[in-house]
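What follows is a set of structures to go through.
Two complexes are shown next, each including subunit A; its partner changes from subunit B in the first to subunit C in the second.
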Partner chain A sequence: MKEYKTIPAAELRETAYQLYADGKNGLMSMFANDERQLNGNYAIYCLFSVGKSMQVIKAVLKEKGKLEFPSITPKISGAAWYEREIYDMFGLKPVGHPDLRPFALHENWPQGIFPLRKDFNNKTPVPTAKKEFPMAGVEGEGVFQVPVGPIHAGIIEPGHFIFSQAGEDIIRLDAKLFFLHRGIEKAIEGAPIERAFYQVERISGICTVAHSLSYCQAIENIAGVTVPPRAQYLRALVSEMERLYNHVGDIGNLCAGMGFAVGIMAGARLKEDIMRVNEALTGHRFLRGMVVPGGVRLDINDQLSAEIRSMLDKLIPDFNEMIELFRGNDAYLNRVETTGIVPRQAALDLGVVGIGARASGVDVDIRRDFPYGCYSSLKFDVPIYTSGDVAARLWVRVDEVAQTVNLIREILEKMPKAKGPLKAAIPVIKPYSSGFGWCESPQGNNIHWLMVGENNTVYRLYARAAAYPNWPALTVAAPGNIIPDFPLINKSYELSYACVDR
Partner chain B sequence: MSVLFMLLQVVVLAVLAPLVAGVIKNTKGKMQSRRGPGYFQVYYDLRKFFKKDNVFSPTVSWIFKAAPYIYFATALGAAALVPTLLFDRGLHYDNIFVLIYMLGLGRFFLALASLDAGSSFGGMGGSREMFINILVEPVLMLTLFTVALRANGTGMSQMASASASSGISLSAILAAIAFLILTVAETGRIPVDNPDTHLELTMVHEGMVLEYCGRSVGLIFWGSALKQLVTILLMVNFFLPWNPAGSLPPVVWMILKVLVIAVVLAGIETSTNKMRLFRLPGLLIATGCLSLLAIIAM
Partner chain C sequence: MLKVWKKVIATGNVTEPWEKAVPPERSRGEVVVQQNAACKGCNLCVNVCPTNAIKLYEGSPVVNQKACVFCGLCVDSCQEGCLKQTTNYKLATLGGSLGENTGSELRNKIRRVLGRSLHIRHLDIGSCNGCDFEMNHVCNPVYDIQQYGIDFVASPRHADLLMVTGPVTRNSTQALMMTYEATPTPKLVMALGACACSGDQIFGESYAIRGAVDAFVPVDIYVPGCPPRPQAIIHGLMLALDRM
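== the complex of A and B ==
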């Protein structure tokens, strides 16, 4: 994994297509790095899952040469967003990309300023530009453009959607996101890795553990540090607690898309019970501050694990009762079944991860495929549904709740006794070594890539949350449905804005 | 004298309408394992709205500004006509058609206003409201005909006393069920519309009035509450007219029945979720069949 297959950028397309093998393998992530200070090059990294292994291509662009590379999007649709972001942030042009509109940087960002290059100083003010931000739409007789957002009626983050509709039917959907891009990846450059951790942990509330875990595992991979066994189990425990409260809350929230108040309230109540245990466990309802580089910060005692067990015992009957409200309910099933279908091929092409993939018949779970921490010694099933609709995403979540509850019990049972500290010290890392860290967040796999600079500082971090490859799935799921069903489709993915606005 | 009584009735109904809306909201909250807003919350909301100024988009015409007043006025008009047992008015011009189309006029102007501001949500709400209205109106007339046929006329006092004297029959029960579904549709409740949603893309009535604020939206909310009370009163008068023999005066029974229907509406809203928009014709066709059966069974 620390081995990168280094090639000149001109060969990127052939090499990537070869690894992709017409969809037999998947593109997991793609990002660039400004390494001019090291070797006078820009580098583009592509992470592929090839069978049971991960392989990385490192395509190198000479600083003095033409800053462009052959786009791999024509065959690998999942690369579309990654390449647009590389173009925005580094000014490296993917030649042959079918859609090179602005992406993360909107119309007010001036041309020719590339924020992730090392010579851009994020302390200097950037003038406001007046560029265009064209949105994709369909024109024709009787076709209307319905703009929605960026400000929405609920307390949610901003995102601008344009529906092309004929009557109530959605023909096309385009989204403009990244309104609250915080430049976290830039801001932590140069910061000590153990302090930058706090910013990484705060990328998003609902993926707190996932982001911190991926980041910490990237550090530990690079440094070759082994996390104490008990700390590994504690990390798995908080990961599964995060999955549990997310899934239960998301299942309840799905009901808001169809005005089923009993379901919303039941979900909210159950989620609250879990979050109170989160607070007892870590002092934070979103589990912040538990995972730290090298291990975990806090231990649990018998009383706490009894509290978790009794919460689970109480949760299961209540949760099953809530699910029974849906299962035998024709009015409910009519709303979720056949709504917002993403076919398996589309999910594969876009590189959809997590719930979205598993509901479309794509059998992926990074906990099982590329085990980390103690997951190789834990038993769990990966539920797969094939219909690809809102119902499938709901049932995947429902089945995963059962799996997660069992996992938490197993973790508590198998947890090794405390021996010594729960945190391994991070040694001084050889400058400019780099590596990946990954984990399965509630929404799908979460991948971080870190390059460490001098004195254990962050040289470059790339954080790819599960929401990033899943957002484009919405543009497949929505067309063919009617506009009033869109909120339901959207909620079935539960995509985080903050995770991509990093 | 009768005009004075009419005015009195309008005032009483207009004052009580927010209370009925409050009862529905509170009951709904209780049924959904929440505490629910207090019974008087709708009054507080209205007071808040009436203290605020209007903000109008510079692109709107007079229709947008006048629509809330027209809507409220038509609700007042309907409240003047609906038979209550509060006062014996001896009226002869309380025709049901006048009432139904008075409400229709208000809805027509709101739909026009929804297009006026040019926002996409308004247009979507307006078009959906009209789509639903096209389905509701014939079924509503059919259901009311079951009573009108019994009364040999379309005067509401006449219809009310005819259905009160006719006793419980299969026809009456079928018609009552049909009218209950229509009440749900007319008052914009689940499974037809969701009055509590914040999701603009799913809105019907709420989407139509999304561009309004301040006094205008206060008038619209008040008008809606009044319209809802009028619809419930029609239900009570025509489809639940029987009072058990006892010492209680009929007015008390009427109030009790209004409250019972309010609770039933809250129960319906809690028990199910919103339908897919294009499944509504099925629901309303079924309702139409119920009223047809009610006529046949007469």
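== the complex of A and C ==
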């Protein structure tokens, strides 16, 4: 279903613009790979969704040639971060990129060392450089700058922000991320694919199932392995449980952006009930330990399905009562409505996914658009709101909770009986085969690209979580609002920093 | 407003004593080596462990709890039944100023000064956010950490304890050091979760990871787990404050 089109890098811009067709076909992912050992080239891959199919442009750069390619950011805004990352990690320069400041590697990283090139060894000590990390701001009379983070006031992940302010109004927001950059993609290179799974599972806590699933499906796609039917349902079950606990928790936590303690506590209490069922189901509160390459590790019995059902029966009325507290509360609605608007066109231009997209009127859900596992035989609606504000993102989540609860019930209902093992063996994979794996995480689509090396080891993994394309939307949403609304806007996206930073 | 009150009253009190909830049967906690284990030295468990947390010592496996992610692969791999996974989550250990090498007088003094109302500053320097969400969960109404006089504060200047999650990444090293400096003495440091306790063992050697928390600042409490359950976090605090 995926068409690869190989071109010289010099033609990348032309080819990509053609495929992009002024935004008709979105850019889903873009990454580089050092293939010099295989064919003497670096390669840049661009994944586009074209109607009902995915198409890949593979642009190659000769090792001996100039290490640069024409940037596609001028027309495809969504490529801006991907290209900056490629420049940082591989030293391949996107010529014509409007903003080539450092990105993943901070001021402590010396110039001219590119960690994702194959000739960079992880054991090499890298000296600590003392460079500057330029942040973008606005200067002018009466404009002042407010730096925030990386250590914040609440229990949240680290990121450094600069707000350029005129009075209380935000004029511009710039973010410095990658404080959580652990170099996971490099660290697992050379590790057996089934062992590296345990590191991939730990890219992010709240997207554990999503990352596991994308990674496993990439392996299974490459190896041509079919996952046993019951295992597919069990995977869908944990995926939906992940969506459920995230959405319920995020809806409650949105209240933390406005100091509405009753809402925070109600959400936290309901989330705890789900977390406990997660642990009963998989032995782990964040659902680690169910999905493995080839299938699943655990089965469920009638008692566990009854436990899930009774949790849902209890959850729904309680959850609806919590939502009623919001719907009828003017003080609450006043804070969420018309706050942090991302217009539809901006969402399309940036390639925003998941909740962020669906709240800005972009109808995408990878479970429906490119079904995987058992999703083609499950019924669900994709809620769409068009106002693009915090409220829209809230109501998308609320509607999705109802959809997810129905899905979990349907999955339990339809789950085929166990026949044989729940895990297919992964055969020896032809070295240097590659493929994609994807799924819809609670925040949006999660896409992995894997190239397998000799003896079923990882040659290169690129893990693009939903938060990655959604982050830049925040810099569109914040300006025009006052600083106290920023936590609210931030929480309405609930972007996982660990997913972006890897 | 009336609706809010109605909901609050209808919900009632859901707070539990921290030890009350019993981990479910499948819960993956401490891996223990069975007494009279018939280890044949086959090394299967050592090789299967994704974080190199097992070593054979004098003919029997030894699990480094600080680096264990409780996946249970070692237990599945052992043909001789030497290893068993329990649901035990109480794995916190003390070190630094609360460790055995510190005189009891000093330990008691620290506990006297900090013990009755402990203020915590969270510091994420490389975690996957699992630990951080569990930290959030100890503040939920079920565990309600505030009932023990413990709370999270917004600034290191107000804190008695730094709760550190994640391996020390290259990009967060400065934040760790500056936050530590900004915290007034006497102060305690808790390394929360397998990454913080063991450094690069979880993800492997990496250009972006500099090591475990205790390679940079003295650590007084280690709480293993991937991530530690909320109860394990509270256990670590209670152990540190001698309030078990």
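Keep in mind that, in the parts below, the second predicted complex is superposed on the first by the 499 of 502 C-alpha atoms of A that agree within 3 Å, B and C clash if a C-alpha of one lies under 4 Å from a C-alpha of the other, contacts with A are read in each partner's own complex, and residues count from 1 in each chain.
Simple rule for what comes next: a contact is a pair of C-beta atoms (placed from the backbone, for glycine too) under 8 Å apart; a residue touches a chain by one contact, two chains touch by 3 or more.
If you're wondering where the values come from, they're calculated on a predicted model, not measured in any experiment.
Colleague: With both structures lined up on subunit A, is it a clash or a fit for subunit B and subunit C?
Modeller: Verdict on subunit A: subunit B and subunit C fit.
Colleague: What angle, rounded to a multiple of 10°, is defined by the Cα centres of subunit B, subunit A and subunit C, with the middle one as vertex?
Modeller: 60
Colleague: Could you look at A:483 and tell me whether it touches subunit B, subunit C, both or neither (first, second, both, neither)?
Modeller: Only subunit B is touched by A:483; subunit C is not.
Colleague: Once the shared chain is lined up, is A:153 touching subunit B (first), subunit C (second), both, or neither of them?
Modeller: After superposition on chain A, A:153 lies in contact with both partners, subunit B and subunit C.
Colleague: Could you tell me if A:335 is touching subunit B, subunit C, both of them or neither one (first, second, both, neither)?
Modeller: In the superposition, A:335 touches subunit B alone.
Colleague: Classify the contacts of A:269 with the two partner chains as first (subunit B alone), second (subunit C alone), both, or neither.
Modeller: both
Colleague: Residues of subunit A touched: more by subunit B or subunit C?
Modeller: C
Colleague: Once the structures are superposed on A, label A:101 by its partner contacts, choosing first (subunit B), second (subunit C), both or neither.
Modeller: It touches nothing on subunit B or subunit C.
Colleague: Given the touch rule stated above, what does A:344 touch, subunit B (first), subunit C (second), both, or neither?
Modeller: Touch status of A:344: no partner.
Colleague: Would you check which partner chain A:298 touches, where first means subunit B only, second means subunit C only, and both and neither mean what they say?
Modeller: Touch status of A:298: second partner only.
Colleague: Report for A:257: first if it touches subunit B alone, second if subunit C alone, otherwise both or neither.
Modeller: Only subunit B; A:257 stays clear of subunit C.
Colleague: Between subunit B and subunit C, whom does A:144 touch in the aligned arrangement: first, second, both, or neither?
Modeller: A:144: touches subunit B, not subunit C.
Colleague: State the minimum pairwise Cα distance, in Å, between subunit B and subunit C in the overlaid complexes.
Modeller: After superposing on chain A, subunit B and subunit C come no closer than 5 Å at C-alpha.
Colleague: Would you mind listing the overlap between the subunit B footprint and the subunit C footprint on subunit A?
Modeller: In subunit A, positions 153-154, 262, 265-266, 269, 329 sit in both the subunit B and subunit C interfaces.
Colleague: Hey, which residues of subunit A end up touching subunit C in the complex?
Modeller: So the residues of subunit A in touch with subunit C come to 106, 108-109, 115, 120, 122-124, 126, 150-151, 153-158, 178-184, 186-188, 191, 195, 197-199, 202-206, 208, 262, 265-266, 268-269, 271-272, 275-276, 279-286, 288-289, 298, 321-322, 324-325, 328-329, 496-498.
Colleague: Please give the residue numbers of subunit C that touch subunit A in the complex, ascending.
Modeller: Going through subunit C, the ones touching subunit A are 3-4, 7-8, 11, 14, 21, 23-28, 50-51, 69-72, 122-137, 139-142, 152, 154-156, 166-167, 169-175, 179, 202-209, 226-227, 229.
Colleague: Quick check: in the complex, which residue numbers of subunit B touch subunit A?
Modeller: Of all residues in subunit B, those touching subunit A are 28, 31-34, 120, 124, 190-191, 194, 196-202, 269-279.
Colleague: Considering only the defined contacts, which subunit A positions touch subunit B in the complex?
Modeller: Going through subunit A, the ones touching subunit B are 144-148, 152-154, 168, 255-266, 269, 329, 331-332, 334-335, 482-487.
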